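In the two complexes that follow, chain A is the common piece, with chain B as its partner first and chain C second.
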Partner chain A sequence: MNKGLFIIGVVVFAGVFAEFIAKDPYRVDMSNRLLSPSLEHFFGTDQLGRDLFSRVVYGARTSLFLAVSITIISMIFGSLFGAVSGYFGGIIDDVFGRIIDIFLSIPDLVLNIALVGILSLSYGTSPLIIIFSIAFTNWVSYARIVRGSVLSIKEHEFVLAAKAIGASNLYILRKHIIPNIIGPVIVLATLNVGNVIIAISSLGFLGLGIQPPTPEWGEILNSGKNYLETAPWIMLFPGFAIAVTVLGFNIFGEGLRDVLDVKKEIIE
Partner chain B sequence: MLKIRNLEVKFKTIEGVVKANNKVSLELKKDEILGLIGETGCGKTVLGMTIMRLLPKNSEVKGEIIYKGKNLLELSEKEMREIRGKEIAIMLQNPSLSLNPVLSVGEQIAEVFLYHDKLSKKDAMRKASEMLKIVGITPKRINEYPHQFSGGMKQRIMIAIALALNPKILIADEPTKGLDSSTKEQIINLMKKLTKGKSMLLITHDLDIAEKLCDRIAVMYAGEIVEILSNFNKAKHPYTIGLLNSLPRRGLKPIDGVSPSLISPPSGCKFHPRCKYREEICTIKNPELKNGVRCFRNDKS
Partner chain C sequence: MLEYIAKRIVQAVIILLGVSFLSFSLLYIFPGDPAELIFLVNSGGVPPTPQELEELRAELGLNKPLLIQYGNWLSKILKGDFGNSWNTGRPVIYEISQRFRASAELFLLSFTISAIISFILGILAAMNKDKVIDHICRTISLLGISIPNFFFSLMLIWIFSVELHLFPSFGYGKLENYILPVTAWVFSGISIKSRFVRATMLEILNQEYIIAAKAKGLPERVIVLKHALRNALIPILTYFSTSIGHLVLGSIMIEVVFAWPGVARFFIFSVFTRDFPVVQAFVLLSSVAFISVNLIVDLSYALIDPRVRYER
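After this line comes the complex of A and B, so read on.
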């Protein structure tokens, strides 16, 4: 868990203080294109002579901002959806449950690509569209887990006791049920950030995500793929950044899971 | 205060329809402690939950529960929420399960004030600490969590929650369950002290407590009231007598047989398969509750 936290700390630090760590990621220098890593350019330069280290560091800011926004939005929406479905049961649960099933049956990336494609045709590519498109598929895992947890929590006697003092359903949901399911949701969110980073990079790699010249790990990968043989570092370093960051969130999430004593089956 | 007339409660289950309460008529008078005794599964708790309208969805309720001239069974859910806790409060069984493990006890007492009286958080917590003091717990422990308290302490917290809004009627469902005899004594004395001027329905299977505390005692068997009496010495129904004889100080003689299934109860008097005085008529016809006893033997004499 500490190792995970350390990695996350380094990435967050890089993202937040990018101005102080790195040079200008946009500065094109055609006389210095495709340089291999050196003391001056730690990660070398790309096909336009931009400093790759700076682009990867600024990329951390883009990826983290998007990933955290997407995770928070899908956590709030998915948890509410699952909580209402599980708590009220009956027809509401039938309808909401089927909606969850439908979303689970469509591969996330395919739906993401389709959504980004359609939306960017009408509105042009923007970070908002990427946030919306990934959150659109990502909330489902929260809904599923929260629904299951609420189903078991609502049978506890303290829920009946709360009803006995005259509390309304909404109040019980807010004060008694949600505090009891917050553990698994936090663990899921931490593990989920890693997946979301991969989703963002996938879209970027396919050219559908953040558009150049904004530095984003997937976008750098995409731009480097034509130079894989002559300048492999263009793909190597952002790829490494993605892998390490995702690993960090996963290690931290699993540590949290053990600390918060959440059953493994619930999350997986 | 509270009049129950011809109450019938049924549950639809996969195995069949459970007739948990059958033609129950009972009156809880002002300032009275009414005991409700009977074996496990005879429908005592169901009666308490029916009054509070807290039964699960598969239940079907008929009859009347009149409080302040209104039939509680006909009130809307919103009107009922105003009654719960404020007018009629219930102490559920199992204090350890009825307290939320992730909220401090102070928050759980304060909740009642926050919710009904719309007090500020600070005022609610102050009132909660007053309640703790009243039930004999030092207010210093207000921020502790339920697992840090013993069984008797938790029961005291339940009392504090139930009495926080000064309800007119308290329904106590087995408040001494799982407590040792000295703690039992303390809890009972505390309840007796705090419910002065209130009406209380005390659900229990502890005959000693019922006798010590209650003004009147209703005996329930297989979902029916079989006897209402003010003193166990006047017991007439064979079931009540059987219950008394099963006490250690009366010779520890259990009643033969087991209590009947509520899905397919016996014909006639529900107690006849276990009754040593049964006659032919008992197997055919269910006697009415007359002069507080539901038994043909009593009718004759």
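After this line comes the complex of A and C, so read on.
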């Protein structure tokens, strides 16, 4: 868990203080293209002579910004959706529950790709479209878990007791339901950041995500795939950056799950 | 029993309707006029005159209310008519069936291999909890969910095609073409599956009847193979078969990296060329595959294990 936190710390530091760590990630220098890693360029240079280390460091900012935005949006929307569905039950739960089922049945990446493809036709590819497209499928895992937890919590006697003394729905939600679902939601969110980072970089790799010259790990990998023979480092360093970051969030998330004692069946 | 089957089928039909409506409305997420979009894509960006737009609307039935359009679209799809691809002009269903075999081969091969490896690895890890083999299993599964499969695929190409010249990085049909894509897929496949096998086995090994068997002095091998494995088999098989539904997810990136002539790569190509009928069909069909596999698994589970019928 500490290892995970350490990795996340390093990546966040790189993203926040990119200006102080790295050079200009946009500076093209055609006389120094495809240089191998050296003291001058830690990760070498890319096909346009840009410093790869700087692009990977700034890429952390892009990925983290997108991943955190998507996670927060899906967490808030999904949790509310699931809480309302589970708490009120009846016809509301029938409708909301079916909507959750529908979204669980669509392969995420397929819908993400279709949405980004269609929306970018009219708006051009912007970070906003990527955030919307991924959040559009991502919220449902929060909704499912929160709905399930709320359904089981509201059967407990303390909720019944609160109702009996005339507590309002809002009060019960705030005082009894939310404190009980916050643990699973935090664990899910931590593990989810890793998956979202992979989704963002997958879109970038397909050429549908963040567009060059903005540094993004998937986009750098995409250009690196054409230089496997002459400059494999263009593909290796952003790839390692993704893998290590996702690993960090997964280790930390699994540690949190054990510490907060969230049942494994709820989140796997 | 009949009641359970009926309930489950009704549920699946409702989900299918929802998914189909979502795939249908993809065209309408586009802000503005879908007719204009269709015209722009097909004319290569030349804007339509108002009269041309009106004609196209009438031709495609786009001047009717949304729900009626959806009904027409759905009734065609139920007859197997997904419309024609804007790229090729041929029926979407023909284009997809042409590429289905390549995808299915890749999938079945990878799925079988990853299922066998996960099964063995998961059981060994559970039997030797906290020993070397368990750590190896956990490390593999942690790496498998953390390394994106397109990056893993590129590393395979870099090492085995570019540097060692052992296997080709693209191509289709010969045995050597399957090795790298299947390896990439198996790597990400075993990460989740072996973890599930391990967890299921561990849970069962803690049950009282296992402790009783141990107290009787039965050898470890008999306990695991005869008592634990039999009970673990149903959840494991269920989990494996529902993961069939996720086949399209793994295949998209792998088919793209290895230029595999399958359905998923055709989908990406269609997204880039704004071939809407193909995109809609792919979103719908991949969800249908997922829903039907889940339904079949649930129903057969109910047949095997009577408890299920009453629980839900």
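We take it that the second predicted complex is superposed on the first by the 268 of 268 C-alpha atoms of A that agree within 3 Å, B and C clash if a C-alpha of one lies under 4 Å from a C-alpha of the other, contacts with A are read in each partner's own complex, and residues count from 1 in each chain.
By definition in this document, a residue touches a chain if its C-beta (ideal position, glycine included) is under 8 Å from a C-beta of that chain, and two chains touch if they have at least 3 such contacts.
No experiment lies behind these values; they were computed from the predicted model shown.
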Problem - Touched partner set for A:95, first chain B, second chain C, both or neither - result: neither
Handout entry: Partner chain in contact with A:16 - chain B first, chain C second, else both or neither
Key = neither
Exercise for the section: Decide which partner touches more residues of chain A, taking chain B and chain C as the two options. Expected result: C
Practice task
Kindly classify A:260 by the partners it touches after superposition: chain B alone (first), chain C alone (second), both, or neither?
Solution key: neither
Exercise for the section: Considering only the touch criterion stated at the top, classify A:111 as touching first (chain B), second (chain C), both, or neither. Expected result: second
Practice task
Please work out whether A:72 is in contact with chain B alone, chain C alone, both, or neither, and reply first, second, both or neither.
Solution key: neither
Exercise for the section: Once the two structures are superposed, pull the chain A residues common to the chain B and chain C interfaces. Expected result: none
Completion exercise
Per the touch rule, the chain A residues reaching chain C in their complex are 98-99, 101-102, 105-111, 113-115, 117-119, 121-122, 194, 198, 201-202, 205-208, 221, 224-225, 228-229, 232, 235-236, 239, 242-244, 246-247, 250-251, 264, 268
Practice task
Can you check the complex and tell me which residues of chain C touch chain A?
Solution key: 11, 14-15, 18-19, 22, 26-27, 29-32, 37, 142-143, 145-148, 150-151, 154-155, 157-158, 162, 195-196, 199, 245-246, 248-249, 252-253, 256-257, 267-268, 271-272, 274, 276, 279, 282-283, 286-287, 290-291, 294
Problem - chain B residues touching chain A - in the complex, by the definition given at the top - result: 52, 54, 80-86, 89-90, 92-94, 97-103, 111-112, 115-116, 161
Handout entry: Touching residues (chain side chain A, partner chain B) in the complex
Key = 156-158, 160-168, 171, 175-176, 179-180
